[in-house]
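I have a structure I would like to understand better, so I am pasting it below and will then ask my questions one at a time.
Read from first to last, the chains carry the letters A, B, C and D; within each, the first residue is number 1.
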Amino acid sequence: MENLIALLIAAPLLGAAVLLCGGRRLDRVGHWLGTLLAAASFVIGVVLFSDMLGRSGDGRTLHQHLFSWIPVESFQADVAFQLDQLSMTFVLLITGVGTLIHIYSIGYMEHDERRRRFFGYLNLFLAAMLLLVLADNYLLLYFGWEGVGLASYLLIGFWQHKPSAATAAKKAFLVNRVGDMGLSIAVMLMFTTFGTFAFGPVLGSTGDATEGKMTAIGLMLLLAACGKSAQVPLQSWLGDAMEGPTPVSALIHAATMVTAGVYLITRSGAIFNAAPDAQLVVVVVGAVTLLFGAVVGCAKDDIKKALAGSTMSQIGYMILAAGLGPIGYVFAIMHLVTHGFFKAGLFLGAGSVMHGMNDEVDMRKYGGLRKHMPVTFVTFGLGYLAIIGFPGLSGFFSKDLIIEAAFAKGGTQGWILGSVTLLGAAITAFYMTRVMLMTFFGEKRWQPDEHGHQPHPHESPKSMTIPMIILAFGSVFAGGFFAIGERFVHWLEPVTGYHHGEAPISAATVTGATMVVLVLGAALAWLMYGRRPVPVTAPRGSLLTRAARRDLLQDDFNHVVLVRGGEHLTRSLVYVDHTLVDGVVNGTAASFGGLSGRLRKLQNGYARTYAVSMFGGTAVLIAATLLMRAV
Amino acid sequence: MNPVYYLYLASLLFTIGAAGVLIRRNAIVVFMCVELMLNACNLAFVTFSRMHGNLDGQIIAFFTMVVAAAEVVVGLAIIVSVFRSRHSASVDDASLMKL
Amino acid sequence: MSATAVHSLWTTTAAGGIDKIPAPNIEYAQLAPTLIVAGAAVLGILIEAFLPRKARYHAQLFLSVVALAAAFAAVVALAAGGYGTSKKHIAAMGAIAIDGPTLFLQGTILLASVVAVFTFAERRLDPESHGNRIDSFAAQAAAVPGSEGEKDAVRAGFTTTEVFPLALFAVAGMLVFPAANDLLTLFIALEVFSLPLYLLCALARRKRLMSQEAAVKYFLLGAFSSAFLLFGIALLYGYAGSVSYARIAEVVDGTVQNVSPTLADTMGNDALLLIGGALILMGLLFKVGAVPFHMWTPDVYQGAPTPVTGFMAAATKVAAFGALLRLLYVVLPGLRWDWRPVMWAVVIVTMLGGAIVAITQTDIKRLLAYSSIAHAGFILAGVIAATPEGISSVLFYLGAYSFVTIGAFAVVTLVRDAGGEATHLSKWAGLGRRSPLVAAVFAVFLLAFAGIPLTSGFSGKFAVFKAAADGGAGALVVVGVIASAIAAFFYIRVIVLMFFSEPRPEGPTVAVPSALTTMAIGIGVVVTLVLGVAPQYFLDLASQAGGFVR
Amino acid sequence: MSFPLLTATAALPALGAIATAAVPAARRTAAKWLALVFSLATLVLAALVVVRFEPGGARYQITESHAWISDFGVRYELGVDGIGVALLALTALLIPFVILAGWHDADPLEDTRPNRRWRPTQGFFALILMVEAMVILSFEATDVFLFYILFEAMLIPMYFLIGGFGDRAHAGGDEAAATQRSYAAVKFLLYNLVGGLIMLAAVIGLYTVAGTFSLSEIAEARANGSLSIATGTERWLFLGFFFAFAVKAPLWPLHTWLPNAMGESTAPVAVLITAVVDKVGTFAMLRFCLQLFPEASKWATPAILVLALISIVYGALLAVGQRDMKRLIAYASISHFGFIIMGIFAMTSQGQSGATLYMVNHGISTAALMLVAGFLITRRGSRLIADYGGVQKVAPVLAGTFLIGGLATLSLPGLSPFVSEFLVLVGTFSRYPVVGIIATIGIVLAALYVLVLYQRTMTGPVKAEVRAMPDLSVRELVVVAPLIALLLFLGVYPKPLTEIVNPAVEHTLSDVQQTDPKPEVEAAP
């Protein structure tokens, strides 16, 4: 059975290879092939899943050793896989949502002549992502880690002719690289500490190492997570990443890749458990990002950017939960899954809207679309209810559990975190309501695009709506399904460990409070965008709004400090290299030339001068010899 | 009489000759100064021969004279040909090649 | 026949009747090389006197080549007879030393001279004028440049075939110079090969003013230096009461028997010894072309007819270094601690001076002149080593260097324009495009000069530096290395010029030489590469020849 | 006396060079094919060497030894250890691609009618083969003097390749470019010659203390204690050797010749410089510096690591600042050489194996990137990044290969450079954590300069000048595809390489009496 694991990755990898090397002759069948292989991978996943359910206890974890990758003395990196409940969860999410989005893309990318290549990239992403979650050692994980980075780079920049897209892709890759630095250093630390970096041995012996080491490793892993999961301070790339085609945003930048950070932290739980300080930092990062993303989400008029902010914030929730340790791991993953459903759904909905609006992304130019694209409206609406945590829907359960866990952290920290998560919930309700209202309600504010085409909104084709509907189902029922009878807890506990944290206040109170802030947030949004008409051109807005529109100024910070500073640095270095380092070299040569020029003047052509030099030379010779004898 | 004086004289002559080579312009004169130096050498040889009581020095003096004569032949030939082509026997005029 | 010989004659005569004069015994067989060459030279004069003008050229060429070849054969025979190693001894009643270095150097000189004579005899480079082939020597040396007389001479197709006997005389002198075993012979040999060279310098067919100027400078300075040398000899004679190397060495070491009071008196006076030694050293360093006695070199090398320049640069250096070695190793080893520091200084300034000044030269012949100065410095580094390895390394270097030099100058004769040889560097631009072969050959020589591995230059340099380092002159090696780095710069500059710069439309033409020059160049290339890749045999030869006879 | 395989491997390309040079001027194509055939035959011989070599066996294998210049204590001694084999194979592998890539680079231009004797094409390919011969032999030499001779001699053909054959971009009597080029060539030669001469002094010094040049004899003498070099002397000698190798490598601040040389020469020649010839420098550090002067090597390690770090960061930053894509790649190489040297002097098995792998992988990846860049340049006739834009749209395959080359340069996992770079980092980190961490900055900067290069040239709106640009021809694909395949294969399955290299590295480590640092805790199985 474990031999199937490799096939999970092999299927999409094959697809990528064929589609990218295949050439134009595959243009007509390419998208079908890609989708097929993604589906195949999903099927294999389901088979493995059912098989896993068949077994129990430790027997559920499968291992597959393919071959030795980098063997150098004590440094032994293998290509080997580990399939346990945690990775299983991800496999299903990735292949499932992935397949849906493949199907969606068939319709969405119909008019793009490079559709084959697009599907190639998508398959490549699936392969890399599966490698990431299936690896049984950190170096192989790193392989997948950078692999998804590459795929995301290719897909964000898919429309390369748009300079903005190319820049966004480059930015995403670079910021991720900073995170990767952390991961690679973490691996090195593990190697020097444990002499290995395979999950089993490392996580098994975290107790024996000093806490300092563990903290260091933890922080490095966190850095990596921040890069991939767009957490403060490395979040800046996610907004720009929306330059990519919408399916990409849905799959990579909402459902799967961006949650890799959460996976990493949960997977490395043992390390963090042994390093409380690191855990604290994780929690803080989560909390900050939670609010940051939410605030940004409130100010954006670009529907995808607004959703991106929301993604950031939701992942903040997950990171925060993961930072809570055994109390939170399970809930982090649970929220991750539910979020995978509804956020993917929301993005696909947004894509469907854009599809109908000549790729217009500015919500101020939408309005009243519910009549024109009912399916999209309904699915999007369900997703909306799910994410704000409307009772009974997925988000309600997963988020609520996280809030409880936050309070359960205990002490002042508990209170602070709890209130932050509550506040986050309120803001979430606000900005999602805002999106909803601006897009589907109010009067129509459409305008002709730069080519003068008046948009005439229409429902998207089946290939697009069906995935949306399926995802909508997921966003409605998944949460309840997981939460009832703590199914999800029992499922993951063997891997991540779990102990129930006792909150200082009862669960009911928490739920109640959540409901209250939720209503407040939604109401405020209705007051601002539902009751009175939305201006087509954005008002100047308050200082905070303006800051939020520019990602709370941190892009400007990047630009001034990193970009400009870097340019100055390199330019001055080029100068230094040319004038100083090279100057010394050329200078030496030149100085010899000059010396030569002066010396040759002695050769003035007068025989008598030559005689003088001979005479002088002789004199010196004699004097020197006599002196030698004298001393 | 102490033969050392002859040595002093010899070195004096030699120095005069050398100085002449350094300061005089006319090629012939310069050449004569060289001859003077050679003769200074001869004087030294003879003196030493006298001191040591063997005749090598004197014989060498003869050889030197012969050599000097040969030099005169070659030297004058060259100098004269230069003079004919430049109408000047000044050493400093012969400075086409320099640097 | 040396002074001591004469002296013994004299005393015996004084003692008794004239009938008691013993005939001095001269080992003619062992002096054969010198005698052959000298005799051929005399014969050459007679040829000039009696043969019709048309026949002279071929007769002279034939005579000189045969003579030199025969002399070389004699040298080989002597070496085979073990005179270089086991049977080495003093010949001609103390005047000449027959030993390894002598034979090796004589052999080298002879070979180099043969090659040089080839270049002397080249008559294909210039287009024929008035139906006469013309070589690189003046039609009539006596005729005033540019005068009617000269034109007539050219029209009549005169050529100065005297160059061959002159060259032969010079060679004879050079053969004796490194073999000389007393100071008088040294001096005579010096004059014997200097005087013909002075004349040869003056005989250029083109640019005669420069040629004559070169002759004047060379002559005056040469005479000046030989005067110094002679005075030095006088002082040494005064110090030791004899001019024979062996005797002087004894006196210097203080191992001499039955000291007469005068000798005791003069022996006590080190000033005589030191000053004399210094003066002689100076005379030799002048011939070697070491800084600060080098200043004649560029001018003379530039002005002299190129074949002569090549001949001087190769053969003269060999002879002079031979004499220098013998002087330092046989006569003044007792003074090692006096002359070494001074020599150190000379070596350093010579290596650096030559290399640095060469950087900014614009005339190929002057450039090579300065490079020869730098090389003199490298060789001196080996001389300083004062070990058997030192001697053999110097011998090897001399052998390697002389062929490269002649070859290089031979190539210079090929590159010509209206005014004769185009020696200005700017004219050499793009030569690699015009005639890749010639350029490539010259590049090989330049690389050898620069001491790039797989050329004889590298083997020689390595041998010398190794000897120096072994002899405790590591610092010199470092300086030498720096100097060669500087030197590399200008050799490479020429290569760049030849290969990487566009040829000038008014650039020079490359003459197609006759077999003679071709042979000269060919031999140069072959020796350069062979000594570079497989030098072992010749190193053995040199190290066998490493021992001086005392 | 068995068949002298190693000599043959080096002799074959030399013969090829002579044969190629002898081809008459008119038969240009024949010369090209001849050169290609010879290079392929050499590749076969190299493969034979790899096969004959037993990883577990003696340190130096397939050895040959003949007397050469006994006066200098020089023997003609050949032998390969794992490191030598790897680099030998790399060289033999790259040359056919170099030749193929430079197929038209040396065709005489229309405007300069060549005369009968001027045969640039023949010369070009002959010189390439000559370089190959010398480089291969230098990887095989186990006699210091023999190595030194080749180390120096290979400069000459290289020098003519750089100075004699410029980019089509600038060819055609462009006086300025010509002067630029000869400046670059002279700089290359002089810089390396100076290094070599300083090494010469050290070589002589070594002889005066050791009395022999044969590695085996020296090792023997060390072992039985008959040879012990005084500390001071050893340090000086080490410095003499290291200087030469650091110039060749090149290590900051001795690097300035590389950008000029690579910038002015044609892409294949640039590959020859950075992927083949420069490797001799790093190889020699591993082979000679550590083996001959272990103590001095340890003594110098801190300083060298600092220089290596500077090279890494400095090179990368300058690469970011370049306008000329070849110079950009050159500075990238400087950064990579920093990694290699760092790995060598980390003195851990990971570091040194990584460094060796790095030499191989860097050779392949730079070849891929540089050759594609060359194709680009020959199409547009300009080296300036600013002159391109949107190429991806008109020539997707070219762009794709370019991107893969770039990704290899920024050592993305899955491509072979990642393996070596990570090994170097780990190896360094395990002994010098701080150094390792600072070096990781290089990873980010590498991404920066590669992606900036790609973005500026390949993406964005299509520039008018590139609109008509054709995609890769078959010949060009034949050049690039195998390289990329190799990058992928060695990235996923580098084991064959590590198996050959590891034992050799163990020998080197035992030379310097170093063992890998132990992990703090013994991890539970």
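The rule is short, and it goes like this: contacts are C-beta pairs under 8 Å (C-beta built on N, C-alpha and C of every residue); 3 or more make two chains touch, one makes a residue touch a chain.
The shown structure was predicted, so the numbers you read here are calculated from the model rather than taken from an experiment.
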Q) In terms of C-beta pairs in contact, which of B-C and C-D ranks higher? A) B-C
Q) Approximately how many whole Å separate the CA-defined centres of chain B and chain C? A) 24
**Q.** chain C-chain D separation of Cα centroids, rounded to whole Å
**A.** 46
Q: Averaging only over C-alpha atoms, locate the centres of chain A and chain B and give their separation in whole Å.
A: 97
Q) Counting in whole Å, what is the centre-to-centre distance of chain A and chain D, each centre being its mean C-alpha position? A) 37
Q | Junction residues of chain D - those touching two or more other chains | A | 190
Q) Out of chain A, which residues touch more than one other chain, so two or more? A) 589, 600, 603, 605, 607, 611
Q.
Using the touch definition from the top, which residues of chain C touch two or more other chains?
A. 216-217, 220, 224, 228, 298-299, 489
**Q.** Chains that touch, pairwise
**A.** A-B, A-C, A-D, B-C, C-D
Q: Would you pull the chain A residues touching chain B in the complex into a rising list?
A: 600-601, 603-608, 611-612, 615
(Q) So in the complex, the part of chain A that touches chain C is made up of which residues? (A) 589, 592-593, 595-597, 599-600, 602-603, 605, 607, 609-611, 613-614, 616-618, 621-622, 624-626, 628-629
Q) Which bits of chain D are touching chain C when the two form their complex? A) 67-72, 115, 117-119, 148-150, 152-153, 155-156, 159-160, 163-164, 173, 175, 178, 181-182, 185-186, 189-190, 193-194, 197-198, 200-201, 204-205, 207-208
Q.
Using the touch definition from the top, list the residues of chain D that touch chain A in their complex.
A. 187, 190-191, 252-253, 255-256, 314, 317-318, 320-322, 349-350, 353-354, 390, 392-393, 400, 407, 412-414, 418-419, 422-423, 425-426, 429-430, 433, 436-437, 440-441, 443-444, 447-448, 451-452, 455, 458-462, 492-495, 498-499, 502, 506, 516-525
Q: Under the touch definition given earlier, write down the residues of chain C that touch chain A in their complex.
A: 216-217, 220-221, 224-225, 228, 270-271, 274-275, 277-279, 281-282, 286, 291-293, 295-296, 298-299, 337-339, 341-342, 345-346, 353, 356-361, 486, 489
